[in-house]
Structures are given as structure tokens and as C-alpha cells.
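To keep things clear, I will list the structure first and then write my remarks on it.
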Amino acid sequence: MEHKFISGIEPGQAISDIYIVTQPILRSTVRGDLYIAMFLSDRTGQINARMWQASEDIYKMLPKPGFVHIEGRSELYQNSLQIIINNISVVDAGKVSLDDFLARTDKDTGQMFEEVKKAVAKVANPQLRALAGEFLADGELMEKFCKGPAATSMHHSYLGGLLEHTWNCLRVAGAILPLYPEVQGDLVLAGIFLHDMGKTQEMTYDMAFSYTDQGQLLGHITLGVLLVQQKAASLAARGKPVDKVILDALSHIILSHHGQYDFGSPKLPATAEAFMVYYIDDLDAKINQVSKAIENEASDSDWTSWQKALETRLYRKRIE
Amino acid sequence: MEHKFISGIEPGQAISDIYIVTQPILRSTVRGDLYIAMFLSDRTGQINARMWQASEDIYKMLPKPGFVHIEGRSELYQNSLQIIINNISVVDAGKVSLDDFLARTDKDTGQMFEEVKKAVAKVANPQLRALAGEFLADGELMEKFCKGPAATSMHHSYLGGLLEHTWNCLRVAGAILPLYPEVQGDLVLAGIFLHDMGKTQEMTYDMAFSYTDQGQLLGHITLGVLLVQQKAASLAARGKPVDKVILDALSHIILSHHGQYDFGSPKLPATAEAFMVYYIDDLDAKINQVSKAIENEASDSDWTSWQKALETRLYRKRIE
Amino acid sequence: MEHKFISGIEPGQAISDIYIVTQPILRSTVRGDLYIAMFLSDRTGQINARMWQASEDIYKMLPKPGFVHIEGRSELYQNSLQIIINNISVVDAGKVSLDDFLARTDKDTGQMFEEVKKAVAKVANPQLRALAGEFLADGELMEKFCKGPAATSMHHSYLGGLLEHTWNCLRVAGAILPLYPEVQGDLVLAGIFLHDMGKTQEMTYDMAFSYTDQGQLLGHITLGVLLVQQKAASLAARGKPVDKVILDALSHIILSHHGQYDFGSPKLPATAEAFMVYYIDDLDAKINQVSKAIENEASDSDWTSWQKALETRLYRKRIE
Amino acid sequence: MEHKFISGIEPGQAISDIYIVTQPILRSTVRGDLYIAMFLSDRTGQINARMWQASEDIYKMLPKPGFVHIEGRSELYQNSLQIIINNISVVDAGKVSLDDFLARTDKDTGQMFEEVKKAVAKVANPQLRALAGEFLADGELMEKFCKGPAATSMHHSYLGGLLEHTWNCLRVAGAILPLYPEVQGDLVLAGIFLHDMGKTQEMTYDMAFSYTDQGQLLGHITLGVLLVQQKAASLAARGKPVDKVILDALSHIILSHHGQYDFGSPKLPATAEAFMVYYIDDLDAKINQVSKAIENEASDSDWTSWQKALETRLYRKRIE
Amino acid sequence: MEHKFISGIEPGQAISDIYIVTQPILRSTVRGDLYIAMFLSDRTGQINARMWQASEDIYKMLPKPGFVHIEGRSELYQNSLQIIINNISVVDAGKVSLDDFLARTDKDTGQMFEEVKKAVAKVANPQLRALAGEFLADGELMEKFCKGPAATSMHHSYLGGLLEHTWNCLRVAGAILPLYPEVQGDLVLAGIFLHDMGKTQEMTYDMAFSYTDQGQLLGHITLGVLLVQQKAASLAARGKPVDKVILDALSHIILSHHGQYDFGSPKLPATAEAFMVYYIDDLDAKINQVSKAIENEASDSDWTSWQKALETRLYRKRIE
Amino acid sequence: MEHKFISGIEPGQAISDIYIVTQPILRSTVRGDLYIAMFLSDRTGQINARMWQASEDIYKMLPKPGFVHIEGRSELYQNSLQIIINNISVVDAGKVSLDDFLARTDKDTGQMFEEVKKAVAKVANPQLRALAGEFLADGELMEKFCKGPAATSMHHSYLGGLLEHTWNCLRVAGAILPLYPEVQGDLVLAGIFLHDMGKTQEMTYDMAFSYTDQGQLLGHITLGVLLVQQKAASLAARGKPVDKVILDALSHIILSHHGQYDFGSPKLPATAEAFMVYYIDDLDAKINQVSKAIENEASDSDWTSWQKALETRLYRKRIE
């Protein structure tokens, strides 16, 4: 059965579906009866809900936050929609279709991952190719790489966004590397493949896009460099060490790919390859961010709302 | 006859060649004889020179600065080389091979310009194509466009550099536009073609790379927008007006292509096309700047000297 | 009949007047009846309104936003005032007294414009005076110059504000130029007259103070320089060209009059005249902004609320 | 007898005059003879000097730095001028014409001070006028006020510069206050009179423009506020206390007159009067700085050398 | 009787207690009856209140803001608590227990002040000790010093916070001075004792933590230096002048103790002692701010809410 | 035999000693004879040297740079000292007393290291103590830790400086931790011990203080975190894993200990422990930097020369 999205609920409908419950509070009415106020949400929005005739047991049973199945009815209260709940029960996260709750890339992740592997296979330097292969062979890591978002907001902030962003950066690199023969393509390709790999450990997305403790304490840039050291250590333990010069040049690309101290890079780009990865990453992120903002603008104005991170509104009119 | 480059002069050689004279000063020796101290230079460097038994007439005749033919001899003085001049005469700038005095692109400017014209011909929007055509039809302007540098230092700072930079940016755009179908390619191509066109009026390069008065007072960004208005006015006067929406979108790309207020853009990018031109321009300029610094490093160290504009030294070791 | 200002409406009054309607929404009550929620506004504020027994036809007929005549009654709802509308009809903007909807200078615009013309007539340089005259002779442009605001907020943000600000800056220049004989007064006077002329094309004010598309894409600084080029081209076409040195010095003043890159000037002041225009403009704008904030403070505290752009609250106590 | 300025010395002249000696060093020749190397300077420049056949006694007697009378001869050494000294003796600073060593305003300080007193006399508020009078009555302080520079470099960096700058700011205030009737003129006039008064204690100028220890540790802004407190305490001790509201408003003007934290103001302007003093001070300082740089440019180029503090070169061509 | 804290009020309780009333407004119901809407607050929060059947006399009698005794009843209105007031009367501030309305240090102020005096007594330099003694002997000043907060928010923002912060900084100095024997301990101890002394005049805390007019116009840094000058003048008047070198070094510490222009220091630290006071002050303030934010976090998350001044959330998990 | 320091050489002395040769150049005289110009240096300075009658073989044999033994004589040439070399031979770096060429801590490194070990032994948390122990047990690493400088300039820029700085920070932590009981001392002590450990790999100091390739590409902050991961992996491999929570909190301290993005920290402090390590590190570094600048000032002025990194000159006068 199809999920009833919150953005589509109208007054007076019967509701029986799964939502995320957040901030449940147990209160008592003036007459002393207990009730629970809470919010219900999915990826289209959030709505107020009340369960009258509630008990402390029901309240304690509720996840804070988590998935619940509710039965009830929508109604207008002071000109706002709310849900009056009759029954509520906890739902196991494993049985939920995550797509109802988190946005997802509209591209084919399987195909994109195949193309990523092909791009990485073009790395000619055997040590660098072996190192990239060590990442590709880590099934658990690759699953996160294909599933996670590239950010909680800003750009590619949807499931599969990390893969989509990396895939498209590799396509850009493939297109322009022939125009810059003095730039070492192997380092650029490996650098792009790994530049945001630390995000697999920085972010969570079981119910919403958020950060892990480790992600907040260390950040994906440092986490990426630590992953490189781990994979290189595995290779070395199997008798296939990677030259320090290669490891350092690659780690430098990851460290400097934000291009500025203010954006969390502890080192500024100091090689042509680091500059190229920085520009390709930034270009792809910004074009995605700008295009999505223009596409998703709610009003039909020729200008989007103010984009704080870009310090401007965006112009939506096309010349054609 | 081949020019004797200053970097190749050794002690004890007879010299008879053309150089740029700068900062000539008339002085008298302790015994009261007049002599002229001056510098001679070409594109490989600068050297101290003295003309003993000089007169006030000779001094007045000298350009300050300008081209002169000198006859004389090199010698070591206090362990530095200097030239002792016997004869000096002014040379008409038109008879000088400018290549001896200014660096020049190592690419074929005729071929690059042909490719630029082909890239611009791909603009589908007829008004935008007509506007670009108006620039291409301005022979005097195109001559400057093909001949001038893209900067006095930093990146593409050599004759033909403006063309080379524009040509390569158009190649990059051609390579990546297919990957961003939502971005309006016509505006990107026309925007790249014109983004630095104002530099034809901002810079001079008769003896050295320098700025015009107008260039210093207005800057190439404003000069580029003024050129667009002029060419659009010409078209309008011939009954082929360009829509205001197109002119504004194109002018916005030129105005915002430095991407930051601090770098002289009076407006921040507010369209996907403006962002793309900004990133392509910056990428091509920086890779050129970094590659040249790495290539031209005088020492054989693995690191270049400190690059002030990049706030780092650059690493020269390759992984291959 | 006098307009009934929103700030003066009290509960229980019958209302029959013209207001701006914004954000009308068609909704249905719990019982299924359609009604329209909307805001009504004039220059004194904004108020909630409801039209019960509405139809989809009425909703479609409403401008979004625009002027409407309404008949209805004010009432308290949950301790807030709202208007219950019985009849609503669209009003032609031409029949509306704009003063009820937009603030206006309390000075005489006719007299101020006369004084501006007199100040400009003092320019001794014939070419510069001819160029200024070309602007004064453009009736349509001068009408906008006399009517528009100098900003949407901050300083002189009322009808006639652009004229008032320019007029007062000319008065300041007239007062202090004798104290700085080395500064070229002609350039300062012409520069002040034209420094914000681009705002005639940057801003709109048919119902509220806002920006044109062109204004957001190019900004009034560039628009001002383009106007100078247009007027100079007209003069040249009539056989009265303006020297490039004059045009460049004047355009430089317009370009640099914000004094800092961060405030949208693509060039920093490089002449004494550019510095003087920058300081006079900034002084007049800030004193107006500070005085208005002190005068309009709603509370009777000795301090205004926090002024974000000035990074301080302002002290209102006088020593007298 | 007229001073022989260093800029006017030519080779082969006999010299007998007073100069400042700096950095004297006692050295021995290869043959073991003692000699003293030193610099001689006046306000037109600095020159190398040698005294052969020197002794340790002579060296010890020399001030480091200080005024000396020397007898000797100019000669060319390696194409640079130097002085060969035969006799050297210490000169009492009191017997030296300071004008030979420090630049001085070309305006009449007596007349400027009279005009300052007249401007201050226009303060209507009796307490504020009494406070200003307390400063005017302090002869020692006023002597420093009339004699000192306004800065060691940048603007008005010559004897009498502090007075000239204050005088001209008062003239500007007098000219524009009528245009801003809402601004309290008394506070502006008193504020301008005192805004740089702390410089009387911040700077020294016995041989060169420099800073006192106190000046470097506290700065003229704090020193000015301390002076206000001292003078107010004197008045209070004589039974004429100044209202706290007046003292605070005046001290605030002094504290905030640099307009920005980065320029050493611990508070940002928070009154219309503080803004006006800030702008008048900055305007007068910058126009002086710009005019002097344009006037004193050594070359005959249309552009001055790079002005670091202004982040630009300055354009010298006039339109007339 | 114990105060009934607002955070502890539940629906349906009778209330008879003292609160601060703020923003009282006289309104009329739809039927024309007058009522007063207002807020009641104490240090635990703020609550909405209504007094029906009010009169204009009652409204006029109310302080805006001030202490009132109210009698009434709590009730739920639209799911929020509010108080319905039956009787209201003004209460003299002197009869109020300020602790119910302002947070207070949990440390013993008497004991802390004793320890401050002991620390100051360790100053060996007799002039510096005399100067500190002059402050300690000023009973009125010391009462404010012991009673006031160190800030309105951020760190030590509670009664006694100024003392607690100064006391703890003195303890840190006492602990680390032996490790830096080259640093002059006397200046550090006196500097810490006085670094925030100006806050006694910058802040008010009769009902809430706020700023005086003088505090906002001058700031505690300047006020502190003015206090030092006053106390030194008192000593001098009694024949015990303090050396200028000592006064300047001490005043410099106060002026520079924020360490950066942006934080309101008009001078940067220029002595080892100034650096030490700056670091100790900042360390103690930040550790207090961080600890309080971690301790007071309302949720049970491992992370606090976003700390704007620190540009991060804070991690609350402990390793033990 | 004692080294003849360059700062002590006088004209006319015979020299036979070891120096570092830098920038040797083979030149020919006007008569065609070959000679070698070069610089000789030790930790007290650098001097010009010439070897006449040189050969290409000698030139090729010279290290560039490296240690050489020279025999020759000092003489005055154009009033500067230079060395005329008769014999020159390469010296093995192992046979050189490094102290003659690099500055060294004046403290006892053995004793400091013992105290560091004792401080670390106070860590109560067994996992954290084990992790610190893993570092202490790495003899090669500890040798570098005890031998290297803490910086190439700025603070503790001498052999043993890294140890001295870490040792003193641990002493400060030991002294003040009792005053902040809510701060987790174990993390602070371990954090200080390891905060600059990456400098063992970032810097070289065989002849002068410099950076490794890895140091420039990754920086000591990232290198420190990588070392922590390596040591934790070693422990885990021996069955003694360290909790992720502990590793992340410790790595966060290292990452954030520069306190600002601009100073190369990719994360801002987010725990009380990170703030404490940041402040202690900065305090100790700055006091060392300031004290050394005051102590080493060459002139006998009351002020040091301008300290670029501190944006001030430093005041040297003491109050005692």
C-alpha cells in the first residue's frame, strides 16, 4: 500500500500509516486527563498530533524519535491541520521503506557505481590502483558509499548523493584531464574517488540526515585520511606497500580539497592535482546546489528565496 | 641576426644589439666629467650599464624608457656584470622584434582563434550568436584579443595569453556542458568568450606588460560590460536588437566571474551559468599559474619558492 | 475621502477602503465551505483578513499582490485584530493614491530638483557640464530620479529619497569644496549628481520598494556607468564628444563610491575626487539612517533596538 | 647662515653644518686604524659618512642619535655620495633650528589656533564650553597641541599637523552642521576639538616623529579620554562639575572616532554626533593623505607609487 | 515563605507571590470591557498573564517593568499555561529577595573576597600594592565588585560572577607564575585583580542583567583605566604618587586583555604580563562558559545545542 | 677545540674550522681564472667567502649545502668581513657537534623527559594510559620527540624545544587542573603529551630547522592523529583495544588545538578538555615567544623591533 504523504493530507481524512514521531510530551488537561502531544513527519513535512485518553505506559513505550504506526483522523484546529490519534504502535525500522522518509537520488545507483569502478580502473599507477581497489573490495564501506548523502543540506543531500557527486566529479575529470596533460591524471582520479570517502563515517541517515559523534569530532576530511592509512596498512601487511610519496600526495589532495582554511581544510592545495580536485568538487557541488534551489523554489517568482550560503537570491528566468 | 639575450651575456664580450633602456641618469664623476648610468633589459633580464664621455644631448635624446641600439662591451665590476657603452642610438619600436622583449604563448594563435570562432558558432540562440558575431567582426578588437596577455603576472602573462586562456576555457566548457544539461550552454559559451574581453582595453604591452589609465580606473570587468552595451547598440542601430533579458544575463556573467567581492566582482554569481563560468575561469587560470610556477622554478628543489598569491610553496615531485 | 490607515483601525469598525492584498489562500472549513485567508496592508502596517462564503472565481480574480477595495468589519480574534470581508473588488493602480502605500520625503521635490540643477550648473568644465545636461534633459529619467527611493531600507528609503540624498550631498559638497582647493570641484559635483543615478533602473516602487531583475543582476553602480556611456555616445553622435580622460575619471568616481570591495565597488578610490564623493555619500547616508532610527524608535527607551548594519544600538538622550 | 640640506649636496663640496647622527659604529681598518662609520640626516634625507683617524673617546662622546656639527667634504665613493668628516662636535638640541630637521605645516599656526578658539567659543552648552575652556587654558598642553604632528606618517605628518587637521575639521563641521539640524552641534565641535588631543602625549618629535612609551602602551584614544576626565575633575574641584551625560557622550565620540574595531576604537559610533566626527576626521585625513601623495610623487608618471594603506596607486592627471 | 518558581507552576494552582511584571498593555474586549495583558517572570522563566475587569488606574499604577505581588490562578489556555490575576499590587524592590529573580554564584562570596585580598597582598611592589589597596579600601566599589555578574550572558553571568571569575583567575595565576619566572608576577596579579573592575560601572542588575548608559558608551575596558587614574590621583593627592611606568604598564594590561581589536581592545598585548592576563582571563571565561553549557543542556543528547559564540555544538559524553 | 663562532670573527684572523657551506657558485675572473664564491654559516650567523685558484672538481665535490672544514683568513673587503679560503674539505655530518650549528634548549632534556613520563603516568584511565605508554615505548619516536624543535621560528625554535614546550605545558596543566574539577584531567594530560607529537615527522633539523615533504603536505596536526591511530592499532593487535569514544575525544583535542580554522585546525574545540589544551598550548608558546624576543633584542631600546606575528613591538622595561 502506498504511503500517505503528510503534504497530501487534507482535513477530515482517516489515516492509518507509518510516520516518524518526534518530541512526544505527556500532558494533563484542565480536567486532569492525560494526553500526548507529538509531531509526526515523513520526507514531505511535519504535522501536529494529539492522542487523547493516553496513559503513561503508552508514553513510555514511544520512541523519541522513531517509527510508529498510527490510526486516526485529520482535522482543522485553529485553521491548522492536526491528527487525532486513536491507536499508536512502534514499528521496527527494518520494516520501513526508508524512501518515504528520506529523499533519494533519481539516478540509478547500480549503474553509477559501475561507472565509478570503470573510472578508477583507468588509474595506471599500479600502487595507486591497488589502493583504490582496497576500498572497492571493502563491501561494507562501498555499501555506505553508495547509500549515503553527500551532505545534510546544501548539495546532494539525499540518499545516493555521495555516490552521485563522486560519479559526476569523475566524469568531469575524465572530460577535462586531456586538456591539461601536465596534470597527473592518476592522482586526480584516485583523489576524486576518495575525497569525500570519510563521509561514510561522518554521517547517519537511519531516519534523517545527521552526523555521528565521530563525524562531529573529527570531520570527513580527517576520517578520509585515516581510511587511506588503514587501507595502505592492509596492503603493506599483505606485502604490497604503497610508496610514501604516493600516500602523501593522495592524502594531501583529501586534506586540501576544501581549498580554504575557513572551510575546514588544514592545508591549502600545493599541487596541480590538489587544485584540480578542489575545483571539480566545488563546481559539481555548487551547480547541484544552485540547480536544486532553482528547481525546488516554491513560489513562481523569477527569483528564489535568499540563499544564505551563496549570499544571493538566484535568478530563474531562462533565455530560451 | 639573432638577439643576444641578457641572460646569456658573459664577461668580456663585445655587444651590438637592441635593448630597452630604463631609468637613465646623467651624472658627473669626481673629476667633473659627465656620464650616463642606465639599465638595459630584454625578456630574459636586466643589466647595469654605463656610458662614459656622455653629453647632455645624448641624455636628452634617450627614451625613458624605450628601445635603443647599443655598441659596447661586457665586464665584471665588483663581481657583477655591467655593460660599458660606446655608442647608443634610438630605435623605432616598429622595427623591433617584440618577441625578444615579451614572452609569448608557445601555441599557434591562428589555430586557437579558429577554434574559438568554431566554439562560438555553436551558440544556438540567434541573438546571442549575433552579439558574439559583432565582436568577431571587429577586426581591431580581435587583433588585440589575439595578441594581448591575460594578466601582467599570475597566469597566462605572455603575448597571446588572453586568447590561449579563453580558448582553453571554451574547450573545458565544451567538455563538461553535456554533463550538466540543466545549465544553458549558450550563455556559458558566450560568457566565456567575453568574460575577459575588457582586458583588450585594460592592458598595454608595447615594451612590457602594464595597465592603461582606463584599465586602472575602470577595470576589465566594467570595460567588458561596456563593450557588450556598445556592440548591442550597434546591432540595435542596424535593426537587430538583443533582448534585455539576454543582455542582462550575459552582463551578469561578466560582472560576477571573479566570484567574490574581494576580487573585484561587484555582484556575486546568481545563475548556474555564472557559477560555471566563474569555476572554469578560475580552474584554468590556477592550473596555468601552478604549472608555470612548477615548470619555471629556478632551483632543483622539490618545492618552488613561496607563492604569495597561493599562500603556499608548491610540490614538484611527480609520482611516476 | 481620507484613507483609513491600518495602524488606526480599532475593533468593531466598519471598513470601506483600498488596501494591498497579499498572499491570498483559498481554504475550506471543516464543514467543507470555501473561504479566503489573506493579508491587507498599507504603509502603516499589515492585518489579517478572512472572506467567508468565498468562491474559486473570487479567488482567481484577486491580484497576488495588488490593490483591492474591500467592505467589511474589524473584530478581535484571539486578542488580535482581523478584518471580516463582505465585498472585495480589484482596483486599478492608476487610481490609487500611492502616498497611502509608500512613505514619501517630507521635503519639496520640485524645489530640491531646482537646487540640484543650480548646483550642477556650477560645473565649469564645458564637456562635463554638457554631459550632466544630457541627463537633465532626459525627462523620463529625471522623473524617476525625482520620484524613486535611495534604498529599500537603510537610508532615504522613501519616495523622493534618491533626490533628497543627492540634493543634500550636493549641498555638503558645495559647503566644503572651498576648504579643499586642490580637489577638482567639477568632478565632485558631477560625480555626486550621478553617483546613484543607476538606482533609477535598479529599483521599483509601484506597490512596495523592491528591485528590478536588471537591478539584481547588474547593480546600480554598473548601471550608472552604462548610463554615462549612453549619454556620452548621444553627445558624440551630435558632434560633441566628451574627452576619454573626463569620462574615465567620472566613471571611476561612480565605480568606487562604495569605498570597499565588500560593499560592491569593483575599484577602490584612486583620486581625491573619488575619495570625497565616497565620504560625502557615506556621511549623508549614515546620518540619515541614524537620525531616522533614533526618531522612529517605537519604545521610549534611551536606546534604540539593535541596528544590525551598524553593529550597535543607538543612544537617544540629548545633552540639552 | 642657511642650513645646507642633504638633498642639495654635490660631490666635492666643503661642508660645515649641523646634522643628526645615527647608528655610529667604531671599526678598525685592515691596518688596525680606528674609524667611525655613521649616517648624517636632516629632513631632506640621509647620507653615509666616515671619520678616519677616530678614537674611542670621540665615539663615546657621540649621541646615538643626536645633533652634531661636522666639518668635512663630500665625495663620490662607488658612485654614491659620502661625507668625509674632519671634525665633529655635539650640539645642544636647544640651539638647533628644528625646522631643518622636521617638516612643518605651511600654514600660520597662530592664526589657525585663533580660529580654533573661535570655533570652540561657539559651543552654546555652558558645561561643554567650560570643559573645552579648561583645555584652552592649559598653556603647556596647548603648546604641544599647536606644535605636534597628527601622525608619524600617513596624514598631516609634520609639525603643526595636529593643529592643522583639527582646525580644518572644525571648518568642515562649521560648514555642514547647518545642513543637519538634528545633529547636536555642540557635541560635534567639542568632539572634533578633542578627538586627537591624546596625540599630544602619544607622540614625540624632538628629532624625528616617533611615539612615547605611554603612547605605544595606551594610544591616543585612551589618552584623550583620560585628559577629559582630568579636566572635568579640575572643574569639579572648583565647584563646576560637568554632567555625567555630557562627559559620557563626549568621551564616546573620542573612543569611537576611528569608526572600526580594527582601527583601534574600542566602541563603535552609537550617536549621530559620533558618526559625524568619525566621517569628518576620516575625510580630512584621507584628502590630506591623497593630496600629499599626489603632490610629492617623485616621478612624473600619471600615477603615484603603490599606496599600501589605500590598496591602490593614485591617479594624478587633472581634467582641466 | 518560599517563592513559587514559574518553572514549577502547574495548571489549576492558586498563586500568591511576587514576580516581575513586564510589558503590561491595556486592552478592551470585543464587548468593550478593559483588561490588562502582561508577562510575569522570575529567574526560572516567564509566563503570560491576564487581569480581567481591570481599570486605567490599575494600569497606570503598574511599573514597566517592576516587582508586583499578585493573587490569582494558573490555567491552560490553548495548551499553554497562563495566570488569571485577581489582585495586583506594587512591591518595593528593597523588600524582595533578589535571589529569586537573578541567578547567583554557588560559591561563598565572603570567602572568595578574602582570598582575593590575600592574593593581592602578595604584590611586592609597594606602589602597585598601594594602588590595589586603594581599590580594596573603596567599600562601595568593593560591594559592587562582590555582587555583580561578569557578563549578561556567555560566562559567569550570575550575581557574584565578577568576583568568582576574578578570584579563579588569581588562583590560576598563583599556580602558574612560578613556572614563568621571567614574567613579573606583581603586574600579573594586580592586572587580574583590576582587569574587569570597570564592569562594576558597566552593568546593572536590579531586576535583570543589563548595561548602564555609561557602560554602553564607554565599555568596561575604558572604565577600568579611568578607575586606575582616579585611584592613582587619590594616592598622589595624599603624597604617594605611583610611577608613570607602573601606571602605564598596568593600564596597558587592562586595555589589551581582550587580546584582539575585534573584541574591543584598543591595543594588542605588548608585554609578557599582558599576554598572561589575556590568556588566563580567556581560559577561565571559556571553561566556565563551556562547562555551564554542557551542564545546563536541557535535552539528554550527547551534544548541546549550537553555541553561536563558539561556532560549534559541545560534546557532553565523558570517557570515564 | 672550541668552535670559532662567525659572530666572533674579526679582520685579519687565521681560520681553521668547520662551517656549513651554502650557495657555492663557480665563477671566472675577468682574466679567466676560476674561483668559487660561497657563504659559510653556523648558528651565530653567515659570512661571505671566496676561494681563488679553484677548480671545477673542487666545486663539484662541495655539498650544496653541507658541512666543510676550511682553512683561510678573514679580511675586510669594502668594509665587510669576508673569508679567503685556501683549503676546503667535506666533513661527515656524524662528526660534527650539532650544537655549534643549531640552537639548543638550556634545560636538561633527560630530566624533562623523566618529568613528562611522570606526568603521563598520572593518567588514571587504563586505556588512555596504555595508549600514551605505547608512544613512550617507541624509542625511535621518543628520541625525535626529545631532540626536535617545536617550530622553525616563533616559539621554542631550538633543539629540545618540542620536549621543553610539552614538558612545560604538562606542568601548567598539573598546576591548574585542580582548579577545574569538571574538566577530565586524563584527557588533558594525554592531549598535551600528544598535541604536537606529529612535529616529530613534520620537521627536520640535520643542519637547519626545516620541514619534511610529508610535513608540508600533511602538517603536524594530521600526522599526530595518524600516529594515534597507528598506536591504537598496535594495541588492538595485541588484544588491548582502546574505546572509540576515547580515541575520538583524544584525536579531537589534537585536531582542534590551534583553536581557529585560520591556524590550520580543521575542527574547532568542542569539549572543555580541547579548550584547555588549546589555551595552555597557546599560553606557553606565546610567553616563550615574547620572552625570547625581549631577551634577544639586539638594541638596548626599551622596545623590540616589530614582531610581525604579534602585530606589535614589545615593551622591555621592567617595573622593578
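We just call them A, B, C, D, E and F in the order they show up, numbering each chain from 1.
Here is the rule we use: a residue touches a chain if its C-beta (ideal position, glycine included) is under 8 Å from a C-beta of that chain, and two chains touch if they have at least 3 such contacts.
On a predicted model such as this, the values are computed, not experimentally measured, just so you know.
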Co-neighbours of chain F and chain E - touch as defined: A, D
So which chain is farthest from chain F, going by the mean of the CA atoms in each chain? C
At the chain A/chain F interface, shared numbers over all numbers used: above half (same) or below half (different)? same
Of all chains, the one whose CA centroid lies most distant from that of chain D is A
In terms of contact pairs by residue number, which of E-F, B-F or A-F shares over half with B-D? B-F
Distance between chain centroids, defined by C-alpha means - chain D, chain F (Å): 43
Multi-chain contacts in chain C, i.e. residues touching at least two other chains, fall at 78, 213, 216-217, 245, 249, 252, 270, 313, 315, 317
Chains that touch, pairwise: A-B, A-C, A-E, A-F, B-C, B-D, B-F, C-D, C-E, D-E, D-F, E-F
In the complex, the residues of chain E that touch chain D are 213-214, 216-219, 221-222, 225-226, 229-230, 233, 244-245, 248-249, 251-252, 255, 261-267, 270
For the chain F and chain B complex, residues of the former touching the latter: 27-30, 37, 78, 213, 216-217
So in the complex, which bits of chain D are touching chain B? 11-12, 75-76, 78-79, 302-303, 313, 315, 317
Residue numbers of chain B touching chain A in their complex, please. 125, 128, 168, 171-172, 175-176, 179-180, 182-184, 186-187, 243, 245-246, 249, 252, 268-272, 275-276, 279-280, 282-283, 286-287, 290-291, 294-295, 310-315, 317-320
